[in-house]
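This is the structure I want to talk about, given as structure tokens.
For reference, chains read A, B, C and D in written order, and residue numbers begin at 1 within each chain.
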Amino acid sequence: MDISVSLPGLELKNPIMPASGCFGFGKEYSRFYSLSELGAIMIKATTPEARFGNETPRVAETASGMLNAIGLQNPGLDKVFNEELPWLSQYDVPIIANIAGKTEEDYVEVAKKLSTSPHVDALELNISCPNVKEGGIAFGTVPELAASLTSAVVKASNVPVYVKLSPNTADVVAVAKAVENAGAAGLTLINTLLGMRLDEKSGRPVLANHTGGLSGPAIKPVALRMVYEVSQAVSIPVIGMGGIETVQDVIDFISAGASAVAIGTANFVNPFVCPELIAALPEALTQVGAERIEDIQGRSWKSLAEARHHRT
Amino acid sequence: MDISVSLPGLELKNPIMPASGCFGFGKEYSRFYSLSELGAIMIKATTPEARFGNETPRVAETASGMLNAIGLQNPGLDKVFNEELPWLSQYDVPIIANIAGKTEEDYVEVAKKLSTSPHVDALELNISCPNVKEGGIAFGTVPELAASLTSAVVKASNVPVYVKLSPNTADVVAVAKAVENAGAAGLTLINTLLGMRLDEKSGRPVLANHTGGLSGPAIKPVALRMVYEVSQAVSIPVIGMGGIETVQDVIDFISAGASAVAIGTANFVNPFVCPELIAALPEALTQVGAERIEDIQGRSWKSLAEARHHRT
Amino acid sequence: MSIQKQLLTLVQQNEIAANVYEAVLEGELVSQMTSPGQFIHVKVQEGSVPLLRRPISLCDVDLASQRLTIIYRAQGAGTKALAALQPGAKVDVLGPLGQGFDPEMKSNASALLIGGGVGVPPMYYLSKELTKRGVKVSHILGFDSARSVFYEEAFATLGPTTVTTVDGSRGQKGFVTDALSHYGKPDRVYACGPLPMLRALEVACQDDELYVSLEERMGCGVGACLACVCRTNESDTAYKKICTDGPVFRAGEVVL
Amino acid sequence: MSIQKQLLTLVQQNEIAANVYEAVLEGELVSQMTSPGQFIHVKVQEGSVPLLRRPISLCDVDLASQRLTIIYRAQGAGTKALAALQPGAKVDVLGPLGQGFDPEMKSNASALLIGGGVGVPPMYYLSKELTKRGVKVSHILGFDSARSVFYEEAFATLGPTTVTTVDGSRGQKGFVTDALSHYGKPDRVYACGPLPMLRALEVACQDDELYVSLEERMGCGVGACLACVCRTNESDTAYKKICTDGPVFRAGEVVL
């Protein structure tokens, strides 16, 4: 079965890719399987300068989820450009570079340089990191700010720009439409929900950063709802993520309207999750009567629209 | 140990109460234990007219959580006033009446009448129901709208008004401050997060309403974070809720800054959860070195503030 | 009869048809379970996955040994976890819940019991209770295919029994309604199964005294959350709760 | 030596001190586990609660029988669930992970091994490997109180062993640092335990060749998520990952 997917700038062998921040720059998981098996790789957020990130503890577990407050630790633009990306070029896999910063200038600087790398196929504009004051979350919750940042980055970039949306907002559709109008080639969602855990004895926050981003199966219902809403409202493709662990989860996100999906937290639980999902997908598609991804993409709302249509 | 709590309009024997919509008007759980054991009862949302609510299915399960889309089904203002409330008066327990509507006039009408009932001790203004188009969620996400609705209801009410905040917003603190300034006597949070589940085979939404409100342990980290942020920013009391199941969860919410807590979904899992938590609380407080609720209330941020203070 | 929550002990569990399990639970609480058509609400395992209880009908009760039998299809997370439990496991049961079938009929009256799929189990306890009262029982049991059939002989010991399968791989090919003609006009008809089956029976048995048992996704199981309502014809906002007013209703009492 | 994920079989489990469990796991993967100080990353049970793996040090390995021993404190959700498993259970193990202690020393060299609480277990495998190489080992094992003490005799068969307890209910009263004076100047010191203990040792053993094993909350355990970093003195942004660069570091290599 053909499970390839074509997206702006990205010819994916399959719709499964690791999510940014959960896969480093690929080296670690390359010890478990060949990265060429993946649909694409979303690499860790890059900022202009190297960053240490937050103090530890940086993770805490919650019911069916985890909190993280890494704080955009990364080796900085130059090192990513000169070392990480060339290393990745040994694999036959599209690279989506996640970019972050404090100011519009930061984003533009990273976008400009990374998008000229022969190894970068698309950018993922991270306007939704909840773990650093300047992590772009303000950009991500105000449609106008999101749009103007998107315009600037699209202008600076040589490759298609995907915008990563924050779930910490009252109206994700408004942000989605704003960045679509501003030239985004696609959308990726969701980033983590802002949460916290307290130490049982002391009552203090477990995370050094106090609050962190909630990911994992706990957030899947929220993610699915946002993919469902956004994919109906825009005409650019959506890459869905949030709590995906099983091939049924992949089917669910595609049914909700995603063209491809990303896997975050599940890599930590099972380092082989991405190749396992890729291997399981054809059979799962057959089970739901699909011959290719598009057959079920958005079927959650397409079937409802048809039902409405037939009724009138 | 004294676990009583005094809040505006409410003298609570203990800080544990069932959350609105998860306890009907009390009758069902009165078969399991005496309602007089409870700190208070938050009764099901009341609207001016009787409502049937949404079609079924109305619930779906998710990882460590559940979705509901009841749709504010209730017997209407008159029946609540004339039948449900007088029935409840046989118990020695404060009643917090949750009120909802489509328009400001609706809210005011319900507030005016219910607050004159001798059996109602406080109102809970539900500006956060995600399951009906007019469920107030727009009121709940825009600070100005929330404030003007709160003013109107406070003016109409004979009893203190608590405002129930929505988590489906980028800035819960802004809404909290706005309604505090508008005269709210206290805040209750959080209501459910908007989510969805798809049927595995058909790919269609499981809920007839398509989307629903996510509750249960999955949302606890988000709820805790919001209680933590809001309780630091306002000087009115906060009643915390979202995923509480165990006495440790109660300790966590109080540590985060809540003065009392409400239990929703857990009632469905264990009909005895409220009295069990009430019974377990004194020992749990002792374990963390507290002699009364206030000793640990807000300790998550009070200790951090002290640490900051000592450092400078 | 009071609703209680108790840990029952799983004493036996068998797969009796494809993905269909028969489990026997033992404990004091069982002595409350005297009404066929009632259900128990099962918390399959501790912890938050699966979170909610699962409603399962009483299939058989032995008051003397304080044992109850349930039969369920392992389909989703909860029932699969239940199927994985080993004898000796403790199972958290809330019950008995709901209004069961009224088994009071005159001796020698005739009753037709119709079950579809996992709607068959409650019919067994009901059939035994009716038989005790001298009622002449007959059964129509509908399944997908031979692989799904269970309890055919057990029912046959109580009264005439027709099995139908959709694919004809066992018994009569077709739906339960296709077998109605064998049984003339019984004094009462009891039915439990998928909604389309119940709707078809409501039409086919419109002249009979028909009782149906309904299913709906539940939250609390005790009437508090309003997850499980169905409409009645009385008014736009009138409703019944399946968990407490039902699951058994007289045909016509609620809108199917 | 490659990291793999495999289901090991729990063959034995005992509570050997208050809330402290010794578990023996068997499977092929064990043949990779040749380096003391390395750890395994354990998915205690299927499903999303607990979600993440738990890092636990190798305490002993028997390559011949393909069995490993771990000792862990049952404190939170994951380790409590692990403690509840019965022999025969399958446990999903990822490993071996991290850089262990370097056990290569000259025969007859002297090594002092210091463990605190659940930092004691890795010292046992290390002590056996050093002993194999003819190294003279001594041990200081620090615990809270007599109730928490384990493996005292096991260590004593390998070399001189001092137990300290904070409350003095067993061995010497005080901290491990209070017992250092008994052991002169060893050629090398190895330590694993709580951060305050390691910090105290960094000061007390500043003239020694000291190796410490660190703990931090982990996400992936394989170097990808950056949950477990610690700073080094090289620069503001310089760091080491405990899961892959460690957990064992030469004192001074990282900032404690």
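Note that in this section a contact is a pair of C-beta atoms (placed from the backbone, for glycine too) under 8 Å apart; a residue touches a chain by one contact, two chains touch by 3 or more.
Worth saying up front: this structure is predicted, and the values here are computed from it rather than measured.
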Maximum centroid distance from chain C, chain identifier (CA atoms): D
Chain pair with the higher count of C-beta pairs in contact (B-D, A-D): A-D
Approximate Å spacing (C-alpha centroids) for the pair chain A, chain B: 33
Averaged-CA centre spacing for the pair chain C and chain B, given as whole angstrom: 36
Separation of mean Cα positions, chain D and chain B [Å, integer]: 46
Per-residue multi-chain contacts in chain D, two or more chains: 48-49
Sites on chain B at which at least two other chains make contact: 63-65, 216-218
Touch-based graph of the chains, sorted into line, ring, star, complete or other: complete
Chain D partner contacts - residues on chain A that touch it in the complex: 21-24, 27-29, 31-32, 44, 49-53, 56-61, 63-66, 68, 70, 73, 75-76, 216-218, 245, 265, 267-272
Contact footprint of chain B on chain C as seen in their complex: 2-3, 5, 43, 48-53, 77-78, 94, 216-231, 236-239, 244
Parts of chain B lying in touch with chain D, wherever the complex brings them together: 63-64
Residues of chain C defined as touching chain D within the complex: 47-49
Interface residues, chain B side, partner chain A - complex: 62-65, 67, 141-142, 166, 168-171, 193-198, 200-205, 210-211, 214, 216-222, 224-225, 228, 243, 248, 251-252, 255-256, 288, 296, 299-300, 303-304
